[in-house]
């Protein structure tokens, strides 16, 4: 049976958990549309996260890769449109690195678009009753680092494998410590990821549906 | 066994459900700290909501009353501090009424503070892992109308019965139609209300903990 | 010629200026609708602010009092509807006091509505091209302390004098240190206050215009 | 004397003015650091905006191009980091066009980074007392269309000319019709643009200062 790889991150920025891993680990070994889901955790560190990701891809040989990360403060599940070739860290990563305006791949292009059907994924998550939207930026921290690095690696070494990134809100128990910030339960996130993966596995050509931003 | 009354609202403003009723109805007949919970739905209408509430209080004879309503856009469970003596409706209610700057009780005071231990309730909800905060305003629509009307009625007719109001976020399925707005799952809301009611039944004197706003 | 008193606050919470004083001091000695504006600064301290305010009222003998304060993070000029009888300080005031749930006036009512025509003032500010709205809460810090204390004092000692409170955003130079927060130029604030005072002096009965909040 | 070109947009989305043009037109013929500023308005239309821009570049022969647009709802001056190769319109442009997921340049790269010193520009604007930040996305509407199209054109035809994009908030008079939205006075925007252009003309290598986002 073919496999799909879904990754999440370890906690960072003083948090004791990362909602991405709380959700993603519950999808490990799940079967979806004739594929087996393999869930793996990545370190929240520039460089090392991509090393682990690439080793995992070589070991797991997935037909599709979806990376998931925390976007504290966002209210919706965000399906990322694009990863950009820059590290610019507002806070240090878990290894103490804080790069500023450093390319992820010295010879790489400025950006890669996700190769997953992002509009179909957003539509599927919303049909499951979970708020979702296309996001036009994955930031410039480790999440974007992994998104760009994943798409660069797949482009160079495994062009037939599709890849993308999803950002998720805080868990309610995290938002207790972040007054006024939105949150989403792990159950909702899991259902959203199932819907997104199912859509990504089922849809060849993305649907034509607006998901833009005026700015 | 003594009873406590918890109320919620019917849908309004074009919604097909009201998260307050989706959560509150699941608490009906629940036993908490030696009390039986009675859940009732109120119409979303100035005047009529208070008529139904007062009749229900007379029929149920509760030792405590908690009214619950939807605050679309808020990210946290809000325990309201105060109800004020004014109806000022930005949108029409379910009967088409849209009062502007009209007192709720012509001879009533400008406001009533909740007589439930709001700080202890917020603390209990947060301990249950759900984001919560004191709110300094319940607005000027039907929710505030019910909060003020409830406290005015209890003050005049049943001064030994404590009362208060809790605002809750949209459900995730509602937020699908409100891009960028926060939401909270019905399960989280139910756990929050259980924690709040349990605290309200257990605490005589409210705890001393900041819950203020600079503006 | 009759006088109107407008007050502002000294800086607090680590700021080096307070936008309310930057604007208000430029209105000192201005003539508006046949009245002379007297501008005074209040200390940002529970208790002391009201002592100074009351002494100033006795000395200045105004026909109207408008207090102005900073609401960092708000985007609009907020004309406050109501002051409530509680001090609940999230941060210490400039004298190190941080009261929690303490009444401002032990025997006072729960709240006072502003006695200025708040809807006419909002309309006048908006006609001047400055965003403005009615606010349903002045918080529970020194601003609300002054609003409630002012209205309580006028109610008891000078019932023919009308009073109210306006909250204003950060200045642009303050917002530089508060990423993502809204701001408003001193010029815009001054024009807003002139429009508000002019409306307050010209309008006897407030206009009938919605200014409510659903929550 | 050398010239620099600064562009703004005509009104769109039902507005009667565009804050970018209100500010930019006042910089026309201004001299800055030994250069003359030429200000031009672009149509808010996919395709046509780029045609006009390219003709203007050929006619004006600038050493630098800065395009400016409205970002209604943002509180700060945003210096854009990157333009991406996609049109995805949430609303129709002024010609009724509403493309979805259409590349701007069929053979173009996924994105271009601004070639202006964005960190130095943000620092200069903030030193002028105006809130500013790097933005990681210019959206997917006409603003991004112009930013990507500008950088693509310069890359292909005038690689020695530097280019970039700045998004600005609503004007106060616009925000009157957008309750709760931030605004910025035209004076502040003009001072911000002067500071940004001066920095861009003075700085060869951008400064090393964090301007990233975690998501």
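Odds and ends about this structure:
Letters are used for the chains, namely A, B, C and D, taken in the order the chains are written, and counting of residues starts over at 1 for each.
To be clear about the criterion, contacts are C-beta pairs under 8 Å (C-beta built on N, C-alpha and C of every residue); 3 or more make two chains touch, one makes a residue touch a chain.
What you see is a predicted model; the values in this text were computed from it and never measured.
C-beta contact counts were set side by side for A-B and A-D; A-D has more.
Farthest chain from subunit B (centres taken as the mean of C-alpha atoms): D. The geometric centre of subunit A is 47 Å away from that of subunit C, both derived from CA atoms.
Centroids built from CA atoms put subunit D at 30 Å from subunit A. The centroid of the Cα atoms in subunit A and the matching centroid in subunit B are 38 Å apart. With touch defined as above, subunit C holds no residue shared between interfaces to two or more other chains.
Residue ranges of subunit D in contact with subunit C, taken from their complex: 75-76, 126, 129-133, 172-173, 175-176, 178-185, 187-188. Those residues of subunit A lying in contact with subunit D across their complex are 13, 69-72, 74, 78, 81-82, 84, 86-91, 98, 100-101, 109-113, 119, 134, 136-141, 143-144, 167, 206, 208-215.
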